[in-house]
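Here come two complexes built around chain A, the first alongside chain B, the second alongside chain C.
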Partner chain A sequence: MKLTNQQKCENLLKFYDDSENNIKADALVNRAYIDKVSKQTINEKVNAQMNSIKTEIYNINPKFKEGSKNYEATKKLVSETLSNYEQALLDLSSFYDGKIEQLILRKVELESSLIGSILNEEYLNENIEKRNNQKENDSVKKSVKDNIKAVIEKIKNRRTANAEVDPKMITNLLDQQEVAIELDEQFSNNIDKIIKDKNDNKDSMEKFEQEISLINSEIDKINERKKNSIYDAMEIGGKELTPNVKKIKIFGRITRFFVSRFNTAKVVQSTIIDPLNERIEIFKVNELSSMKG
Partner chain B sequence: MKLGTVVYGNQIYNLDGMSLDEMKLLLQNIENDKRESIRIAKDVIKNNE
Partner chain C sequence: MDDFKMKVDESYKKGIEKIPNFQKVLSEITKTAQKDDLSLELTNNNLDDREMDL
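Right, the complex of A and B next:
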């Protein structure tokens, strides 16, 4: 069933409003989603690192208590190092999030263009319809003009024979008619241009849809790459989070008696914190800076 | 950073309080909605060609 003009306009207006809201909502949720993925992955990684530090501390001194006053200095050190660690991971995630943000913006641009092209399609259809009606009128006009031309021809022949009418006047009349017919034909030819525009518009719509679909899968890919990159960052050896840390041999063998006589804070700093800080610095200088270019 | 809220389908969503799975589902719904409304618009136009 063919829709009335009013129904068609109402439908397209609703389409425009819905699309505008959907595009906005999609961009906002997408941006929030990538942010949440980063936060969650970084939290997971920092917690794993914190647990690993605790395990290491207990390996060094099994009698060590978190609530103890002696732990204050170590706690401060651990907290500073973990903030540094977290910041390096945030910088890493920002690199990927920046790329995804650009893709989200491009997607908004393409989706808006797609909506524009769909509405333009309707405008071009209407134009073709108008031109078609015009063309029908043109052919009627042309045949009427042809008839008039033929009649004038006859009169001209008759009049020139009797020499009663000025032939120049008739020739001018004929010339004017020729020009009018030519203009009308040109006007009708515009329809070909509109049809070409319509085809171009269809091609653009297909291109927009293809690029949008590519962007969607690219966003998913970069998000996944970001997660893996965060998990792999500053890890030693295998490509996995550090749930357990190797027990330091020299301390594994010593007795509880000896352990309590070590300055745990200093040992923790030299065997856990300093190497971790070194890993953070190496990561910042090498991987992070090469990523940022 | 606060993620804020988003209005979609006559509902307000608090993005900070949503889990990743809930967000993914919401994104999927928006995407489906967009596709459906484009399909309908194309049909409306085709209907009048």
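Right, the complex of A and C next:
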């Protein structure tokens, strides 16, 4: 069953409204997903760091208990350092997320242009169809013009034969003929313009689609780069997540007898917390600063 | 997220505005959807009317 113009336009409007909602919702979901990836990766990294700190504390003093009052000072220190550590990672992820956000917004812009172009194409198709239908009537128009021409000729002949002819009639007919010619030219120019607009519109749609595809792949790449960058940040040596803070070999050999003689909190600070804080500062000054330019 | 939602709205508007004559196209489609086939008849810059006059 062939759709009427009204039905076609109703469908187009529904498509336009649905597309607008989908494009905007998709952008919000994408942005939320990017945030989720950042949070998950950072949580994983911070938890790994926290576990490695705990492990090292127990390596220093196996009798050390988390519930103990003596642990409170260390606990505060660890908590502050981990917050600092987490903040550095958040700054890092913000750098990547900002880039991704710009790409998502550019994608929204391109997708809305694409939707506009799709509607424009339907509109131009409709106009071309109408023009083509109109063209089918050209034969009728041509015969009308021929008739006008014939009448003019007859009038001219009568005039030559000195018969009475109203000169206004001739002028009028000639004017009408000129209008007919002018309309023909306008019609021809108009349909050429519509076809040109349609081709331009098609080229634009292809460009929009290509750029959208590139943006999708770029978003995936940056998101992956962000994850790796978070995993690599403030790590020592290899590129994988450090399972433990650098092991302090000397304490591995300490016997239970000597352990009680150390002030565990001070040892934890000088051997675990201070080096970690130093790494955080170096990371902020070097990598983060250069990223932010 | 509200700030981002606003940016999304702006980007959408910016993209649509880049399409030449889009508001005219949308308006014609809306009219046709509401008033049957009458509106699209008006898209030919009165050319049809002038031809009819002939």
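Going forward, the second predicted complex is superposed on the first by the 236 of 293 C-alpha atoms of A that agree within 3 Å, B and C clash if a C-alpha of one lies under 4 Å from a C-alpha of the other, contacts with A are read in each partner's own complex, and residues count from 1 in each chain.
Here, a residue touches a chain if its C-beta (ideal position, glycine included) is under 8 Å from a C-beta of that chain, and two chains touch if they have at least 3 such contacts.
This is a predicted model, so every value here is computed, not measured.
Look at A:N125 in the shared chain and tell me whether it touches chain B only, chain C only, both, or neither; answer first, second, both or neither.
first
Contact-wise, after the overlay, does A:N22 reach chain B, chain C, both or neither (first, second, both, neither)?
The answer is first: A:N22 touches chain B but not chain C.
Considering only touches as defined above, state whether A:Y231 meets chain B (first), chain C (second), both or neither.
After superposition on chain A, A:Y231 lies in contact with neither partner.
Who wins on chain A residues touched, chain B or chain C?
C
Under the stated touch criterion, which partner chain does A:N190 make contact with: chain B (first), chain C (second), both, or neither?
Once the two structures are laid over each other on A, A:N190 reaches chain C alone.
Touch test for A:L12: chain B only (first), chain C only (second), both, or neither?
Touch status of A:L12: both partners.
Touching A:E101 in the superposition: chain B (first), chain C (second), both, neither?
second
Should A:K2 be classified as contacting the first partner (chain B), the second (chain C), both, or neither?
first
For A:Y71 in the superposed arrangement: first (chain B), second (chain C), both or neither?
neither
Report for A:A32: first if it touches chain B alone, second if chain C alone, otherwise both or neither.
A:A32 sits against chain B and chain C alike.
Same chain A residues contacting chain B and chain C, which ones?
In the superposed arrangement, which is not itself an observed complex, chain A uses residues 8, 12, 23, 28, 32, 111, 114, 122 for both chain B and chain C.
Within the complex, which stretch of chain B touches chain A?
Against chain A, the touching part of chain B is residues 1, 3-4, 6-8, 13, 15, 18, 20, 23-24, 26-27, 30-31, 33-34, 37-38, 40-42, 44-45, 47-49.
Over in the complex, which chain A residues touch chain B? Could you list them?
Per the touch definition, chain A meets chain B at residues 1-3, 8, 11-12, 15, 18-19, 21-23, 25-26, 28-30, 32-33, 35-37, 40, 111, 114, 118, 121-122, 125, 216.
Under the definition above, what is the set of chain C residues touching chain A in their complex?
So the residues of chain C in touch with chain A come to 1, 4-5, 7-9, 11-16, 18-22, 25-26, 28-30, 32-33, 35-37, 40, 43-45, 47-48, 50-51, 54.
If you look only at chain A, which of its residues touch chain C in the complex?
The touching residues are 4-6, 8-10, 12-13, 16, 20, 23-24, 27-28, 31-32, 101, 105-106, 108-117, 119-120, 122-123, 126-127, 130, 134, 141, 144, 176, 179-180, 183, 186-187, 190, 197, 204.
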